[in-house]
Amino acid sequence: MTRHDGRTPDQTREVRITRNWLDHAEGSVLVEFGRTRVLVAASFTEGVPRWLKGKGTGWVTSEYEMLPRSTNTRSDRESRKGKVGGRTHEISRLIGRSLRAIIDTKALGENTIVLDCDVLQADGGTRTASITGAYVALVDAIEDARAKGLIRKDAQPLTGSIAAVSVGIVKGEAVIDLDYPEDSTAETDMNVVMTGDGRFVEIQGTAEDGAFDRDMLNRLLDKATVGCAELTRLQQEALAATPRKRVL
Amino acid sequence: MTRHDGRTPDQTREVRITRNWLDHAEGSVLVEFGRTRVLVAASFTEGVPRWLKGKGTGWVTSEYEMLPRSTNTRSDRESRKGKVGGRTHEISRLIGRSLRAIIDTKALGENTIVLDCDVLQADGGTRTASITGAYVALVDAIEDARAKGLIRKDAQPLTGSIAAVSVGIVKGEAVIDLDYPEDSTAETDMNVVMTGDGRFVEIQGTAEDGAFDRDMLNRLLDKATVGCAELTRLQQEALAATPRKRVL
Amino acid sequence: MTRHDGRTPDQTREVRITRNWLDHAEGSVLVEFGRTRVLVAASFTEGVPRWLKGKGTGWVTSEYEMLPRSTNTRSDRESRKGKVGGRTHEISRLIGRSLRAIIDTKALGENTIVLDCDVLQADGGTRTASITGAYVALVDAIEDARAKGLIRKDAQPLTGSIAAVSVGIVKGEAVIDLDYPEDSTAETDMNVVMTGDGRFVEIQGTAEDGAFDRDMLNRLLDKATVGCAELTRLQQEALAATPRKRVL
Amino acid sequence: MTRHDGRTPDQTREVRITRNWLDHAEGSVLVEFGRTRVLVAASFTEGVPRWLKGKGTGWVTSEYEMLPRSTNTRSDRESRKGKVGGRTHEISRLIGRSLRAIIDTKALGENTIVLDCDVLQADGGTRTASITGAYVALVDAIEDARAKGLIRKDAQPLTGSIAAVSVGIVKGEAVIDLDYPEDSTAETDMNVVMTGDGRFVEIQGTAEDGAFDRDMLNRLLDKATVGCAELTRLQQEALAATPRKRVL
Amino acid sequence: MTRHDGRTPDQTREVRITRNWLDHAEGSVLVEFGRTRVLVAASFTEGVPRWLKGKGTGWVTSEYEMLPRSTNTRSDRESRKGKVGGRTHEISRLIGRSLRAIIDTKALGENTIVLDCDVLQADGGTRTASITGAYVALVDAIEDARAKGLIRKDAQPLTGSIAAVSVGIVKGEAVIDLDYPEDSTAETDMNVVMTGDGRFVEIQGTAEDGAFDRDMLNRLLDKATVGCAELTRLQQEALAATPRKRVL
Amino acid sequence: MTRHDGRTPDQTREVRITRNWLDHAEGSVLVEFGRTRVLVAASFTEGVPRWLKGKGTGWVTSEYEMLPRSTNTRSDRESRKGKVGGRTHEISRLIGRSLRAIIDTKALGENTIVLDCDVLQADGGTRTASITGAYVALVDAIEDARAKGLIRKDAQPLTGSIAAVSVGIVKGEAVIDLDYPEDSTAETDMNVVMTGDGRFVEIQGTAEDGAFDRDMLNRLLDKATVGCAELTRLQQEALAATPRKRVL
């Protein structure tokens, strides 16, 4: 079986992670999964939301949004509609929850990191690209805070790494990292978030057209496991390289 | 291992399904999973949303909401806050998607069924109770429409049945149908929606405290499979019984 | 003259007051006037709104809302529309004002009681059913607070009792407790809130179709006076009985 | 008993009705009850709201609002708060309903008249001043439409006249047309809307501090009846005079 | 060249400034430029917005709004639409900025003056009339605060005076103070805010139909300079006169 | 005088215009003025807003927004606040108006072009960069529509070119293209939009700290005239080059 863009079922698109794409943000990444392009900015601020005050723990959260013309046809801005849509809320919550899974909020102190994931161009897999890129921006923001003395030198807020990939059933076959044409016709669509040591943090699978059985589920999870391991490797490579220098 | 309320890990709470709890709605169910109590109303209306007009297919959707004092401490009303929260959106979308999985929208004709799931009392598992109850209300609404000649006598909009249950890891052990005290301390929380013939429609698993491995995932899915089969049986029983008569 | 459901002009519908319908709320009542069914939850919380802080007085308020399918045809949710309608505001304000009429806010201390009145099924008279039921829930919430030591043992926040009934002119004749078919065709519609000792707290009369004269007004007020006395008796009966036990 | 401003209990404040205060509106009135000053604009537009289309009947409605500094201390604008408050909704609905009581919507044809009542200065009684002034603006707007041929020459949309006054119990005594200092300390506050021939259209009485008995109610209604008759006379006088000429 | 209403290109409309049109506000002005009629209320309140607290400086701001029937055809209220339009925001910001240009916020102390500019009738030039009138109301509010001891006797918060006028190109010719028929057909529209000593505070020029060259720009600025000087003289006259007495 | 970044008063920052930065949009540009970075997407859609229907003319409009971390410290998203701020509205309107100045809407036919200007990084001058970049994206979108036959081959919707630059008074001296540190301390800030043939379309000058005289105004306009000519040259260069190929 060949996919419409020539990939094998196990093959992710070309993934590019450009660190410090922005000059102001404490951490920032332009992450690309093929033509999907997400700008992630990690903002470190002292203080926590009111409901956490005085507990000595920090907070990590995320806001995801799509630019109106990131898609094939223009969508209305949520700011103009005066309300944030259900899908936007849902993905923002997923990203925040995923990153908190590898954060020791005690070690972060009473500080907040917001991960803004703005989709500049969408071609399927924007939420998994966001999570994968946000991890790298988060690492940079924590290092920046450590360098500025905003968290203790010996604090280890990160307890692991995190990456995410989509898998799905397209024309009866399990494939990884669906682009938009595949995603919009998939029978089942599943997003899997995994730690760098291969355990699950989130599994969100939806049968869009016909239910799926346990056997197919296992094949999807196998593919996701391999894919997340590959993305983890790319994240480590990006973090090992010297990033573009910020202009402060 | 005994759970805080005496149940075994495999044991769901007492489930009660009261049909036709309302007099006006085409289908309605008061569904109870222990102290969790959800009022589901299925409203059948002719016509479809604008983006579906003229395509000859129908639509099934859902709106979920919690009464302000369904919970232990009162929450503000979303209507007063002027916006619907992310969690509410997310669950509404999940319920609608789950029920559409067993609907042949062509057979429904250009008609819409809205499933309003209002949580009168919350004690964990409100979204799975909603889905399980909504299936029964949906069956009644379709029968009502057939009786009134709003859909063809021989149309079969239902392609199967659907039920949902939560599973999770509490103190290291996999358990089914978590109540609020369990849910709020669970290491992992997973909602599973399955068809009556045992296939998956939705899997949403979240590690709240520590990632989980493939082996634990399998144990959770095993429990969910058994639980959904049991709920399917209870739905069939409820549908086989003569319901409370509506006063039209 | 016989009414469409066989009642005499002076006859209210069957009224049922079920205490402690909910397990969490400090006071709760399922109140039914025929097929009109309102769930009232009284929530006691320490503290008062900002504009009352430090004055040593408490606050009682109410929020009224109809479930989307409480009515014959489904209405859109106010939370989805992003704003609360005028009618909802108006009734919420009426209920709160009515109950404050029998509350000594000094004796309540700096505590707030919110009365959530959610209409599960509407068949006319939802606001008067709400007020009548809310009084009972309020009594229970105050007793609960007293038992928990949240208000002083000897404090008497209640200065009387309150009940409400609708009266109206239907086909030229004064009748009490209009159901929906009557309400929607009435020439005049009036809601009357009275204390247990027979004085007025609110009178809201509206000529829907043709003005009414002083003589007809007197006949309406006579009927309301008798009806409120009857409702007061039913409230006392409900409060005298042992309520369904809450599961805390 | 003398009131704080020297009036007798039966005495309304000085009432001034200035017709055609605006140049653009089909009807407009600056109505003053003492220092209370409301600008009423009646806008006649062809067409009706969607839910009335094709029924051959017209519509009369109202929107009431207070300028932020109409009051002693500045209030926030509802437009900036992003939502219309309950009191504003309630009064707008009352004004619209009151005026519809004397309109034959069939005779109006499929046309709409909106009565905008903007309170320029508030000193108690803004809703009753609005209704009293709106009647005059409404008459002018209907005449304007007749002159322009927008309604038939022989159509009689007006079936009567309408005026409104407040009455209340201040320091135990019934008084008419309360100003702000009286209104804010009244034990009972009642707004009464009456037709020119002395029948009731709306009665809204609220016990703010202590319930009131039937005898007191009768005294309040007596005063309102006399007051509305006096206001009716002033309306007729204003309508008999030649108004300020509009500059079209 | 004669203009449609007989004015010469250099001639403003008749300008009237009525001080203390309101009884409650610390300063108030009904300002009229021909048929354009704006009610300006200056509200002095102790305290400043949160972001200014503790800095020892005051704040001056403005809110502009049009009544729904100030215009030829009725517009929807922004409060009912639930959001403030771009034009309203823009003009409010312009007015506030213009007045702050002549305020020494240090001398004002931690106090706020809000200038509410409500357009009762619109016939072009509402923003320039608002600024011109607001200066007078601001002077009165500052004097009122000085008299009440809310600012120091010797404090001089005013550093100059401010007036504004519109200029534009109509049928190829530069004219001043455009009314609505001119404004809606002008090729270029420019609002100019100047200090009493003839310097610029704001220039906002927009080519509505065809760009304009430097020479035409100079002609427009010449006219605005003369016009603002004339308005400054009228402001001084108004302030020199004894105003209508407020009824406190 | 040397500026803080070494530029002369007449020197703009390095300007880069990258065409077709996006794959989906009919025209798109990443425009950079130094560190200010704006992504402009031009979306061509058939049809026009309702108020233009049937008139045979097209429409060009713009929406401007800043990403939350485009600035030095993170700002809240307008979508989450539920309303669009005054500054955002104001700039969106300026951009749309500026581009319409060089569009013959008749020649466009009943089609709409939306110019989305999203600020990825802000360092002063975001509105002038947006306008300058939007012109290039607009040219590409029109060419794309012509190529697809959506507008007539011989239609000339563009009547000229447009560019914009900021000028201001910093420490008493007129300078061009202010970056954020200059902008935030400028005594006067002015944005000038000019056609390619050197005429004015918009002038928006604001005295932030002290009014400015006619002589200084002339110096600012001189600088803006030279700057816009230079930007026009860069736009022509960008349009002459072969752009990055879109992947459709």
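Note that the chains are named A, B, C, D, E and F in the order they appear, and that numbering of residues resets to 1 at the start of each chain.
Quick note on the criterion: a contact is a pair of C-beta atoms (placed from the backbone, for glycine too) under 8 Å apart; a residue touches a chain by one contact, two chains touch by 3 or more.
None of these values were measured; they are calculated from a predicted model.
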item: Subunit E and subunit B - chains in contact with each; value: none
item: For subunit A paired with subunit F, centre-to-centre distance based on mean C-alpha positions, whole Å; value: 32
item: Gap in Å, rounded to a whole number, between the CA centres of subunit F and subunit B; value: 51
item: Multi-partner residues of subunit E (each touching 2 or more other chains); value: 82-84
item: Chain order around the ring, beginning at subunit B and proceeding next to subunit C; value: B, C, D, E, F, A
item: Of all residues in subunit B, those that touch subunit A in their complex; value: 83-87, 89-90, 92-93, 97, 101, 160, 190, 194-195, 198-207, 211-214, 217, 221, 225
item: Of subunit D, residues touching subunit E in the complex; value: 22-25, 28, 35, 39, 41, 43, 45, 63, 65, 67-74, 77-80, 82-84, 88, 114, 116, 118, 120-121, 247
